[in-house]
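Next up: the structures, one after another.
The same chain A turns up in both complexes below, where it pairs with chain B and then with chain C.
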Partner chain A sequence: MREGRNWGGASLVLPAFVLVAAFLLAPLALILRYSFDLHDPIKLMKGVFSTQNYVQAVADPFYQDVLLTTANIAALSTVIVMLLAFPVAYYISRLESQRLRGWLIILTVLPLLLGNAVRSAAWMIVMGTKGVANALLLSVGLIEEPIKILYTPTAVVIGLVSVLLPFAIITLQSVMDSIPSSLEEAGQSLGHSPLRTVYGVVLPLAMPGVAAAAAICFALAMNAYATPVLIGGPTMQMMGPVVYGQIAKANNWPFGSTLACILMFVTLVLTIVSTRFLSRKYF
Partner chain B sequence: MSGVTLSNIRKTYGELAAVDDVSIEIRDGELLALLGPSGCGKTTTLRMIAGFVAPTAGTIRFGERDVTSIPVHKRNVGMVFQGYALFPHLTVAKNVEFGLRVRSWDKERKARRVAEMLRWVQLDALAERSPRALSGGQQQRVALARAMAIEPDVLLLDEPFSALDAKLRTQMRKEIRDLQQDAGITSVFVTHDQAEAMAIADRIGVMSHGKLEQLGSAEDLYKRPVSRFVAGFIGKCNFVEGRVVGAQRFESAEGLALQFGGEHAAGAAALCFRPEHAVLEAGAPASGNSLPVTVKSVTYLGPSTDFEVLSDSGQTLLVSAASGTGHAPSSVAPGQKLRLNWRPEDSFVVA
Partner chain C sequence: MKIGRYAFAALVALIFVFLLGPLIVIIWASFFADKILSFPPSGYTTSWFGAAWAISDFANGFLMSVKVGACATVVSLLLGVPAALAVERYSFPGRETIRQVLLSPMYVPAIVAGAAVYIYFVEFEIFTGFQLAATFGGLVIAHSLIALPWTMRLVCASLVTANTVSEEAARSLGANAVQTFFLVTLPIIRPGIIAAAMFSFIASFSDLEKSLFLVGPGKTTLPIAIVNYLEWSLDPTISAVATVQILIIGTALIVSDRFVKLGKAF
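This part shows the complex of A and B:
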């Protein structure tokens, strides 16, 4: 590597940095500031510095419950996504036909081209009491009466898994592409069955990718909005919609900001801890 | 330990035969080289022995055991991959231990075996290193120790020296050969480098277009090649086109009478001789083969001097004269007209 500072390279990052600083970091700083302010029905904010919001949010069983539900649903969705994505990503990355690979990758990301709301609306049609899923189950005779799928935590997990799966597959697949197949052949020549080789060679080498994919999925699930609102229904409370409700409906910007900051902090801590755990386990 | 028998193995991809009816009997403890240009089928043959490729037809046996339809992981082969394929997430010792994980040996016995193998390749001091921290030669020795730890029936090496620089390559050749002899294991290695094959193999199988052209010792192949391909691929060779007209008598296309050793059926053929068997002289000898030639270029290489000469028919021929034998007249210069002389017993005919 070359000695000294390379300002030429750094200057390439500048436009992106300015954009992020102006439109992401600055609003984030504002939200952090608001979170320590107090609500005023007339002026919107009192312009004080107080930790009252935090105390209130942390002590209120309602918000404790919402946060716990959110974390549970996000964690469960992430685990399911990883279990489903790993074999698919492995299959795609080991395909010999470049054409088929290309098509499968396009097919994988295709759902992302749909808006979140559109996809959720589609799920509503599928999962409703008179929806496609119930009709199918009834006609096959697996159930005798329509079951409630929509507006349950299960429905939200299904919805989230479908949103997150493409992200996980693409992330894992690119990591697996960088694992030479000769390593698997070496494993097999040393007496390990193909399945055992995946466990003993591919999985440990793909662990950084597994950690990255899981972090992306978990963060997206923690902050999900459209899916819990549309599929979860009015009784199902998750952090994203609750933050929105405080800011847009209750007009309580300071308390909404506090909830947003708590959500951000919890997501960050859980992601870092679990990623560390995953990578340490294998390296 | 056992020998390996390939009986009429074929591998076709659609219309194309990558390996076409190859039969080889590899003797117990022998080091056999599969030699040929890229695309000749040597690697496919090796991968069929390993079990990575299923033959379209034919059988493969390790000793008496028919392994043709046995999957790789049950075949008990030791393989050294091109680029070694060491597990980057494991230490040297863990790499060597990898094949023992599936055995029901107790911990102590596995550790003993790993230590034994690392001592064998003289890497016991580096057991806890990551393979990434090793030199190319050391990585190759780890790969060998890992492959041999499982006590395989046969050791397979895929272009084992291609990732090493020229100097290390010669050294590792000898090391691998010594270790192979020491273990007494039946081994097959694939290479496109004829010098490499000649240096360490007991026998060499030369392959071209999916077929086994010739199987024999380095000396057999050099002195008695059975085809034009083998003659040209093993060392350098001059070809004079023409036809066989009688017992050991050959007539070149221009009508010159030449003689050769050995036997060959009458008909169109080429008479071959090696550059180092020919001499450039002012006149023709009383008996033996001789061609009038014009010197095209002179290259002094130290141990020898190489000449490119043109025959009257316009064909370029090569002459190599060892220094200090008096066969390299220092006065030879491009443009000079001389005689190219060589002995009939140094000539052979290929179809």
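This part shows the complex of A and C:
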């Protein structure tokens, strides 16, 4: 039914396009402008054009620390996520039973769709001083008295890993589906062990997918809000909560916008990088 | 060889325990008798579900999330299905760019989008005197944006896989574009639309970060009510609320799997 240029067809996208343009693109343009403005305690904004916020975001020790903490935690979580997601994705993509495969994908997607409020609540119950983790460790005798897990950076990494894992599994699994299993059979018929075949054949071919998934996970981790706030506690300063604090609590729109724009920029770059990697797999 | 395969399956099972274990624990904890959560519990009860409903923040938050989710789903279908049809079935200049723009709400970080929309709403109110921040309408607009990319993705996917032969036959037999859509295309892509509706609702219902800026007193969604409660206390009430949300979203997911095999959709 492709009929060459068809303006009737084009008009069908108009309402959706207007919604996105008016309530996403325009607001983003607005905060980009405000990120160059300066805070005024009375008028909210001075109405000037200055790069001072960006300088402050990078030079001020406090925000430097926030940015570094966020990047560190995001990087560590991403590495762990990739190590865990790879075997799971490989297992799912090589399953013969379509039924089991379907169920495993539902089980992977379910936590992803539950939202971060419920998942953080679940981790809080697991990691609390009277939580399951401590009860379990105590009963096995690994520890003598309850250890503090909740409200530590370790807890935030654990929480983030569980938030990001489904994204990574789904992305990697779809990439591995496109790698014919005959290549592994070839590797094994040459006498290589299964582990060596995966390392020598599957991993190099899946590398674009790994890079793309890692980029997506890193971006999502940088933007995390619920996990650092609920599992990290009040001392855990990461970008997401700081953006919220600046805009909603401190009413410092210009500086909040600057931090938001930095997040947006990092995410944009990583998304473009990841789509580059993903499209390259077709060559 | 065989041992290696079992070890591999065991490793995968262990990772799934990590992924799903906390959810099983929170469901389990919603039946604990003790107010202070400790493991193992001294006994079991179902009274926390009633107790949670009696807390107005949870009851109202739940109703609010259902209403906002339903409205956002309707908006995203009304705008998204025609858009998906245009992008997949017609050719016009800038089509691929428009496709990316319509999918973009999925890629913009929720906290950034939430902040931007909040500032935009407040400025809009200053200029027009029309309040959007902390209103039901404002929430529905923001949530429609959360839902739209899901509708686009799932409806586009079912349009791509649907055969265009019957559409062409209908056109050559004299049906106009509108008749063809309602009588031929719509029945074919119905499963995709149902899945789109389910995912749109889920995405809206579970959203926390984007709504954070946009809720107001008495207009709180369920995930935000959960986070507010968690700041002060952690007890079986919150487990009961979480259990209800897990049940609702799990059901929606299994229902949509009946229409679109999720094993193939992702």
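Just a few scattered comments:
The working rule: the second predicted complex is superposed on the first by the 242 of 283 C-alpha atoms of A that agree within 3 Å, B and C clash if a C-alpha of one lies under 4 Å from a C-alpha of the other, contacts with A are read in each partner's own complex, and residues count from 1 in each chain.
In the analysis below, contacts are C-beta pairs under 8 Å (C-beta built on N, C-alpha and C of every residue); 3 or more make two chains touch, one makes a residue touch a chain.
Given the structure is predicted, the values throughout are model-derived calculations rather than measurements.
Of the two partner chains, chain C is the only one that A:Pro27 touches; chain B does not reach it. Within the superposed three-chain model, A:Ser182 lies in touch with chain B and out of touch with chain C [touch as defined at top]. In the superposition on chain A, A:Pro194 contacts both chain B and chain C.
In the superposed model, A:Val48 makes contact with neither chain B nor chain C.
Counting the residues of chain A touched by each of chain B and chain C gives the higher count for C. Of the two partner chains placed by the overlay, only chain C lies in contact with A:Ala248; chain B stays clear of it. Of the two partner chains placed by superposition, only chain C is touched by A:Gly128; chain B is not. Once the two complexes are laid over each other on the shared chain, residue contacts for A:Ala10 go to chain C alone; chain B is not touched.
Common to the chain B and chain C contact sets on chain A are residues 194. Touching chain C in their complex are the following residues of chain A: 1-13, 15-17, 19-21, 23-28, 30-31, 34, 84, 87-88, 91, 98, 101-102, 104-111, 113-126, 128, 130-132, 135-136, 162, 165-166, 170, 173-174, 194-195, 219-220, 222-223, 225-226, 229-230, 240, 243-244, 247-248, 253, 256-257, 260-261, 263-264, 267, 271. Residues of chain C touching chain A in their complex: 1, 4-5, 8-9, 11-12, 15-16, 18-23, 25-26, 29, 36-40, 75, 78-80, 82-83, 85-87, 89-93, 95, 98, 101-102, 104-105, 107-113, 115-120, 123, 141-142, 144-145, 148, 152, 164, 167-168, 171, 177, 180, 199, 202-203, 205-209, 212-213, 222-224, 226-227, 230-231, 234, 238-239, 242, 245-246, 249-250, 253-254, 257, 261-263, 266.
By the touch criterion stated above, chain B contacts chain A in their complex at residues 50-52, 71-79, 81-83, 85-89, 98-99, 101-103, 146-147, 150.
Note for the complex: chain A touches chain B at residues 180, 182-183, 185-194, 196-197, 200-201, 204-205, 282-283.
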